[in-house]
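In the two assemblies presented below, chain A is common to both, partnered first by chain B and then by chain C.
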Partner chain A sequence: MSSPQDNILAENFHAAFSAHQDANAVGDLKSLSWLSAHRQSAFDQFQKEGFPTRHHENWKYTDVSRITKTGFITANPTHNAIQTDELDKLKFNTENCHELVFINGQFSAEHSDIGSLDDQVVIGSLRDALKNTPELIEKRFNQFAKKNHSRENHVFAALNTAFFHDGAFIYVPDNVVIEEPIVIYYISSHNEVMLTTAPRNLIIMGKNAQASVIESFHGLKGVVSFTNTITEIETEDGAVLEHYKVQQENTDSFHIGGTHLKLHRNSRVESHSISLGGAIVRNDIVTDLAGEGAEIILNGLYMGNGRQHVDNHTLVNHSKPHTRSDEYYRGVLDGRARGVFNGKVIVHKDAQKTDASQSNANLLLSDHAEIDTKPELEIYADDVKCSHGATVGQLDKNMLFYLRSRGLDADTAKSLLTFAFADEVIRRIKFAPIREQLEFNVGGRLPGSDLIKANLSSARQN
Partner chain B sequence: MTSQSENIEVTTVEETTVENAQVETLVNAEYEHGFVTDIESDTIAPGLNEDVIRMISAKKDEPEWLLQWRLDAYRHWLTMDTPEWAHVHHEEIDYQAISYYSAPKSKGDGPKSLDEVDPKLLETYEKLGIPLQEQMMLAGVAVDAVFDSVSVATTFKDKLADAGVIFGSFSEAVKEHPELVRKYLGTVVPTGDNFFAALNSAVFTDGSFCFIPKGVRCPMELSTYFRINAANTGQFERTLIIAEEGSHVSYLEGCTAPMRDENQLHAAVVELIALDDAQIKYSTVQNWYPGDENGVGGIYNFVTKRGDCRGVNSKISWTQVETGSAITWKYPSCILRGDNSVGEFYSVAVTNNYQQADTGTKMIHIGKNTRSTIISKGISARFGQNTYRGMVRIAKTAENARNYTQCDSLLMGDKCGAHTFPYIEVKNSTAIVEHEATTSKIGEDQLFYCKQRGISEEDAVNMIVNGFCKEVFKELPMEFAVEAQKLLGITLEGAVG
Partner chain C sequence: MLSIKNLKVSINDKQILKGLNLEVKAGEVHAIMGPNGSGKSTLANVIVGRDGYKIDSGEIIYEGKDLTGIEPEIRAREGIFLAFQYPVEIPGVNNVYLLKAAMNAKRKHRGEAELDAFEFLDLVKEKMKVVNMNEDLLNRAVNEGFSGGEKKRNEIFQMALLEPKLAILDETDSGLDIDALKIVASGVNGLRREDRAIIIVTHYQRLLDYIIPDYVHVLSDGKIIKSGGKELALELEEKGYDWVREEADAA
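Our next item is the complex of A and B:
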């Protein structure tokens, strides 16, 4: 933070932070001194480190200077308006689900449909939960920050901690199974200025609890936004969670997201991360397999076109023996898009019998597109099975020829093969309404895709 | 290696587990080449400043442009920071505590033949198992032996000269072929390339120079033996190999060093240049003192090696067996500039006790139809930390570029580490890049299978490790493959060889 512009930015932040703390202190969260302490220490970290540059190994391929120039106008409770019909258009085709809606980072009770819940289950706004059940949150909140590791707790995560206003809070007590999926919509609808929203989510799964959570990010037509989101997930012994993150914001918007997971004994999480929108997108998924028998599945798809920049960082810590991780990420880059993948697996001392596999495949469709991939392994135990693979390639000429020889035009043939490549990830999504809509959206992005769309919609109707 | 097999027997009798028996053997395999030859050295006082550089240059009677080149490098080095990105840990190096020049004193103006070489020196080579006379007669290998910093004996010069090949010490080349040196020096590794390359450029004392003229196939394998001898003397070698159009050369480099307790810095620079249709094969066996079993002492080996496939259809192939050094920091790389050029990298890196290795390669694809292959095998034992760090970059201009990378790690013991950090950057949509990595330990099933057929534990581990490294060993020239296996046996397992 040396240049004059940075100094001005720092002063702005300082003023904003003071105002934010004051507002919280006089507001309804005044008794939560631990929360203020988290915010203060996160803000101190931000002031100390400043924004990352490409000299940071962690940001080697992603330049955030365009984001830092946005001015960071924080959304406030007045930014809470949306037309119901516009919202409905964005929703997944789901019946029977628990819906939470956040408009520009503000919880909208009006549009949310939480439905009926068992006793002790909490699904709702984090702000409300901080008022009603702070004891559930205090111990679990912001755990990753303690690690003080720049990769896990980078400056944008700290900014979220310092400035977050609200987010989703999900608490599933021991032995409770929530059958219906929990769908969280984050909609950016404000188009006068570029708003910064910092959703903060916390998901706690009790022993043997089960649930599916879908985080879906959207922007209304023409809306440009900066979303800086953090989700913390902790699963107790034997819990099972399916977590989806679908990012379909507008291609001028910025999105930086962190998902921090801590898995206890024999718990299992399936994470699906789909990035389709955004001008600059950065996703970090940091997993701590903190109990024996814990298992994480990481699936990911990123598609970029135009001048999109998509960066996916994943880090899996095998901290205990007999843990398993399986990662499968695919990227499709066209136009002048740039994709970044960095998947790191660390097998810590004594985490014997670890089984870790990782695969990253990329399809480069244009000479102006670029992919930078870096699969990493750090292993400090010997009785392990670890492998990773990364490939970069193009569509198979023989396959294209086959399709052309059957009368498909070049665009359709190309799109069909591209779609098949991407669908390898999407088809792993178990929850049908999301899978179908994503297939439809992914297919719809491709040139000459009418045929694919037609087939998909007829499949949907059947 | 009788003492090692005795150790095996003892531990087996005590019914120690397989792994423990192996690890014990590793521990007990003492560094075979540890001895100090007592030769008077012409050493300048420790410290580094412009005067020291002027002194080195003056001692070597260098032309003004080279001194200026050194000073530029030094001034640039002063502005640089020690790189910290490597996955290695060591105490900060005090560059002022190192003596930057050490030449063995010879009687007269330098030896004209082997008879004139200091007998003690020759004895040193004999202890290493590489007697020069024998090699002259048997192997037909020309040896440019670098003892500390000055070449003392060069053989087979005449035969090479007949073919038009220039092969000799760097200082000789500066005197006899200044135009060639000036034309190519620093064109692959610029003086400001990295911290250690800049340091080397400023203070390098000697090295090897090799020039293969147009259309010549070098009549023999070229080889250099490096040794570090005088205490507290960093060794800064500079090697420059130029293969003109259509020429072909295979170059061997082998290293051993005496046992010593203080860390010694070695920062060499190797530059290879291959013009149209030329081929360079560069093989290394590195067995410098790795420190004792407590991690005390050992060589710091911070090397910059880079080949430039400047011409079309050229090929540069690196093969390395890294068994020594306390810390290795080494990335032999290829710049595939010419169309259809080929880069290869085959590596076996072994870390035992407290050794740390951060090694790998860079393949920079610039020309069309360029191809590269990377095969890296890492073996870690006891507390050893072994890192593969590689980069494959496909530039926008590199149509139809192809890369295949495979890095495998073998872990022996539960305190060691194996790490993989590959960077893949692709800017051309016709490129095909594949990277694969696996990590495993010696399978209990494999061991069981061998033992069940009457093969002893030691032999079984031998076989498995040898098989693990086979893909790389087969790339080594015959003469070297034997030594490589021997060194692997000494350094690591006590099981191979």
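Our next item is the complex of A and C:
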């Protein structure tokens, strides 16, 4: 940190951190010295590195100065109010699920409905779990930090570690299958000051365990917030996880999120990341395929309009032989929106027989929209199958004309083709309530949306 | 129904149609024949209002109104239909949806009520029989993965469903084997009506064995240089285009 302004900011943070360590936000966890050590080390890391600037390769296209000037007022337990009807409007149409609700980062037992759980399964607040079953957490918590903080320059992740208040903890023991999805809502509802929330989630899948976890981020109308979220996921041998991150913050808010995965032998994760909201958005997904036969599917969609800025970084480490990654990301940018995609695949020396494919396709709907896409492949093994590709294009004129020649107006034809492009990602979502709501929400953003919704229902009737 | 007068059209500053005249009345079937590059597809596209064609002079009058500057979707809703030479595949757009949207856009334009889902599907199934189209294709994306013949059948099926007043078939016979050609032709013949005009744009006479035109026109270098009855098509098939051109040059 060099400029005088940065120094003031640093002092503010220092004061905030001291206060945070003392205040009730952390106080009742203070007996966990290992946790305090993580927090201190993360904070030291942050102080040493400061916020990234565009001189950092990983932040080359994303300027976070607007975020760093926001003041970072952290939410406290009094910020947990929401009207039930407002909450209900945001929910997916899921009848049976385990539901966790966080309001401005505070766990709301009142609004959550965890349902009945098998013995030894834990689904709930991380804060509660730190009090009740710290032994389940200690070994797994913040594992990625050692590896990634400095290299990836995830200062925001360090800030999350230093300042997090709560988040979800999911522990699925060996051989347990949780059939009903686990849905976690993170809602920014406070509109008096701009709050910073730092949700911290930990998902542990035992051997051959199976579950689906949905993280859904929302901002209520008129609420400006900064969400700095981290999810750590570890899947033991043979575990299967479907992980969804759906980001629908409102378009004045900031969202920076990191998902850090470690996959052991023959485990499989399907990651779906759908990013629709936010003024400045950055999603990082960092995967370590750490056991033979581990497999990750990375499926992603980002859409921006107006002056939205959405940056997706993914990194897949193939550390062991016979690992597989399959990445499919699509972006739709309109207005003056800007998108960034950086997908890096590293095949390490031991990872023979790796199968890695990556594709990123982008649709630019306006002359002022922009995308910077960069697929990167580093291969240190010699017997591998890898492919990658990126495309940037506009709507197909022949398709547009065909639709118009059948009587559809130009706006509807454009919307329909845009929707079809985005739906290539959404339709890969197996879980119907999420897929259907996303199709409606994505379709609903476009002109002539009623007709697109009719398209969906006619497709479904048949 | 359609009256084209001294039409000059260029693409990228190159004039393709150089003073074309054509009169088509309701109930008639006209064949436009001509060698490659004579302007056949340009004529078809300019009638339906495709971008990229500049009308330098002349006019296209449809039902008493000049089409110049009218959006293609409005032309479609007013009853003009083009069966494409190369129907485009549109992944992710459901066939049924397109049909329903097209149908309702037309009905709304005419102040008619939208069809409900059952009426619509009944109608669709009835019209599919016109070209023996496989019902499985309905639920797929528009033309996606269709064979060449299926795409052409789909065009005629759409035409049957949308009941245009003026239908233009652009090289509909290309890529069809003889069985498919017969099916498509009988579909088109079934759509011949007193209040409907059909323009068949084709390089070869083959399709005209099955869809007998009332008039045949020879298009060459952007102008219609000869018009006649159905026997002209046979003459062209036998003798090629050169004699017509020579005759026109001499005149």
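FYI, the second predicted complex is superposed on the first by the 444 of 462 C-alpha atoms of A that agree within 3 Å, B and C clash if a C-alpha of one lies under 4 Å from a C-alpha of the other, contacts with A are read in each partner's own complex, and residues count from 1 in each chain.
The rule we apply is simple: a residue touches a chain if its C-beta (ideal position, glycine included) is under 8 Å from a C-beta of that chain, and two chains touch if they have at least 3 such contacts.
These numbers were taken from a predicted model, which means no experiment stands behind them.
After overlaying the two complexes on the shared chain, residue contacts for A:Ser405 are found with chain C alone; chain B is out of touch.
When both complexes are overlaid on chain A, the residue A:Glu424 reaches chain C alone and has no touch with chain B. In the superposition on chain A, A:Lys397 contacts chain C only, with no contact to chain B. When both complexes are overlaid on chain A, the residue A:His388 reaches chain B alone and has no touch with chain C.
In the superposed model, A:Asp367 lies in contact with chain B only, and not with chain C. Put simply, chain A touches chain C in their complex at residues 396-399, 401-410, 412-413, 416-417, 419-421, 423-424, 451, 454-455, 458-459, 461-462.
Interface residues of chain C, counted against chain A in their complex, comprise 48-51, 71-73, 76-77, 81-82, 84, 87-88, 90-94, 96-98, 100-102, 105-106, 109, 117, 138-139, 141-142, 158, 162.
Interface of chain B with chain A (complex): residues 85, 87, 394, 396, 409, 411-441. The part of chain A that touches chain B in the complex is made up of residues 57, 349-350, 352, 362, 364-367, 369-394.
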